[in-house]
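Below, each structure is written out as structure tokens.
Both complexes shown next keep chain A, but they swap its partner, so chain B is in the first and chain C is in the second.
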Partner chain A sequence: MRLTLSLLLTSLALPGWASEGTRVQVTGEIIDTWCYYSGVMGGPDAVVGSAHHTCALWCSAGGIPVGLLAEDGTVYMVLKIAQDDASASGDTQLSLAAHTVTADGMLYERDGQNYIVVNEVVSDADIENRTHEDYGTIPSFSFPEPK
Partner chain B sequence: MMRKLGMLFALVAAPVAAQDFSEGSNAKSWNLYAEVPAKFEARVVDVLCELTGDCSDDCGAGSRQMGLVRTADDVLVLAMKNSQPAFTGASEELAPFCNQIVEVDGLMLEDEDLGASNVYLVQRIKSADADWIKANKWTKKWAAKYPEAKGKGPWFRRDPRIKEIIGIEGYLGLGLEEDATYAEENF
Partner chain C sequence: MWRALLLSLFAGSAVQAEAPLPFDLGGPYELTDQHGQTRTQADPGGNAQLLFFGYANCLNICSAALPLMAQVVDALADEGIEITPVMITVAPDQDRVETMGAPLAEIHPDFIGLTGDEEALSTAYKAFSVEVTPLFQDPEYGWIYAHGSFIHLLDSDGEMLTLLPPILDTERTVEIVRGYVVPQS
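For the complex of A and B:
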């Protein structure tokens, strides 16, 4: 009984949930997750691609998590890209805002979220999603009127 | 002993998912479709460290995404946003409390259709016996980091990295010619 209780208490005291993860290769768009999840700027189709490129830069530079929005609609929160572990306002993720990429990395799932540690950006197709043709720019002030 | 053990198991197995984290919250609404006020105690973690064991002594000092492992149910909540309406995240607010137990108050986003679950906008933080502080330090830290960008207007119009990218790729990210066409058609 003491052993059982000891094992239980030991398991409760383990720090973190560090695990091996699962190797994945995902193709999708590097998105601004706050605008996507919150709806603060409009529906999910409007806050991706060229319409939202400038806002995606603002949010990425501002330290909001970037995500990889896969073709099936799954969002993977990006925690690291190659050697750059600056997932809050980092240079690498900033340079990929709104780009469609294929990423090879490790997937970690916890409490309803998918997190990805990208080992390699296998391909970068730049911006493919020309959403400004349907939505203009989101938000509209992200493209200032030329002087 | 058996009774104590039974109580311990009952405590562990309690249906904490049913717990209402909005109780006692003074979070201000952002009028978001999926927002739910939430005040809870949590351990502040570097998410990369928590999930993979790739750790840094100071949780990255604001450069890594931060999470909150809730005391009540051990759920990892991703802190996505601070309290400033200025396109700013929560890492700079939480990193000073790396691996500490704090109380937080803010808005949880729960939107099953989009997959938003356990993601959070933190508005206030309370550490131990200290008073509540507002999670609104990001823009001051940015200003200290980029003194050369001092000027009028919001930070995101003056940020050197953003200006450089827009200067090359344009606001649409498709090149300056596409920007010119868009401006001609829309202004």
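For the complex of A and C:
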């Protein structure tokens, strides 16, 4: 995992920022957007939190953009977490998987999607959403069987 | 760029609450397709383009994004909107002119695969702010790469119109593209 953590890259390294956008502060969970939207691994309550943490790491490492699921149910597509430079921001995305955070950043609404450029993670409460107590590990195969 | 901005301003009702992209993506590139032909950011057929950076045998995000692009192309073709799906390789050691055509054709017959030398590919990556990092070597499939994962909607000249998250379903993605591209008469 350390290798993966160290080698992950950002989905986008954004070179220049326009002045438009709305400053927001959002509290929510860093989620795996593929499993959340597709439903392939289960319902939305099962593919968040501790139950889905390992899969979220795999998906993020595989290139799935992370999202920020706000307390009101809004999903923000995370374009960048800015305290890291581009080559290291993958580490941030992975280390925050399934964590509940408060993010301060700029919101861009486009095509009905909410995009957020996170300027600062104001607080990180670690994994608060203990979904494994209800669901176990989702999916069960996210821990590879040793050969 | 102005054309892209005007298109976004006057696009159909599918485009909601437009904010400009918070970055400037896109630019010229010159690569080689699976037929050995030179291709730039402009579509020779005058079609809008869905552009993704990936590799033909990628089992990760590409296995979601490339089929999504194919489904969007087919859905819009039924409405008279011709879109060309394009993939620029992030794994030129694996996606060569002679090898990348077949796997892409399995996804969609119109798929264009592009590769090139290091400098030419680097120009394209830089234009779209895509970074490529090797993760590990799979004994069966070769190197596995992490890479940018958003789909880019370009007009026929190669100007960036908007970003498409690869995790949306076909219907929603079609709805977004339809807001930027009008049917050919």
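In this section, the second predicted complex is superposed on the first by the 116 of 147 C-alpha atoms of A that agree within 3 Å, B and C clash if a C-alpha of one lies under 4 Å from a C-alpha of the other, contacts with A are read in each partner's own complex, and residues count from 1 in each chain.
Here is the rule we go by: contacts are C-beta pairs under 8 Å (C-beta built on N, C-alpha and C of every residue); 3 or more make two chains touch, one makes a residue touch a chain.
Keep in mind the model is a prediction, meaning the values are calculated, not measured.
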{"item": "First, second, both or neither for A:I64, with chain B first and chain C second", "value": "both"}
{"item": "Partner chain(s) touched by A:I127 [first = chain B, second = chain C, both, neither]", "value": "first"}
{"item": "Chain B versus chain C as contact partner of A:A98, first or second or both or neither", "value": "first"}
{"item": "More chain A residues in contact [chain B versus chain C]", "value": "B"}
{"item": "Touched partner set for A:P139, first chain B, second chain C, both or neither", "value": "neither"}
{"item": "Contacts of A:G28 with chain B and chain C, given as first, second, both or neither", "value": "neither"}
{"item": "Chain A positions touched by chain B in one structure and by chain C in the second", "value": "4, 8, 12, 16-18, 21, 33-34, 36-38, 61-65, 77, 79, 86-87, 90, 106, 108, 110-113, 115, 117"}
{"item": "List of chain A residues in touch with chain C within their complex", "value": "3-4, 7-18, 20-21, 33-34, 36-38, 61-65, 77, 79, 86-87, 90, 106, 108-113, 115, 117"}
{"item": "Residue ranges of chain A touching chain B (in the complex, touch as defined)", "value": "1, 4-5, 8, 12, 16-19, 21, 33-34, 36-40, 44, 50-51, 53-55, 57-59, 61-65, 73-75, 77, 79-80, 85-91, 94-95, 97-98, 106, 108, 110-113, 115, 117, 126-127, 130, 132, 136-137, 142-146"}
{"item": "Chain A partner contacts - residues on chain C that touch it in the complex", "value": "14-24, 60-62, 64, 129-136, 146-150, 162-169, 172, 176, 179"}
{"item": "Interface residues, chain B side, partner chain A - complex", "value": "1-2, 5, 8-9, 12, 30, 32-35, 45, 47-54, 56, 60, 62-66, 75-78, 80-81, 86-92, 109, 111, 114-119, 121, 138, 155-156, 159, 161-162, 165-166, 169, 171-174, 178-179, 182-183, 186-187"}
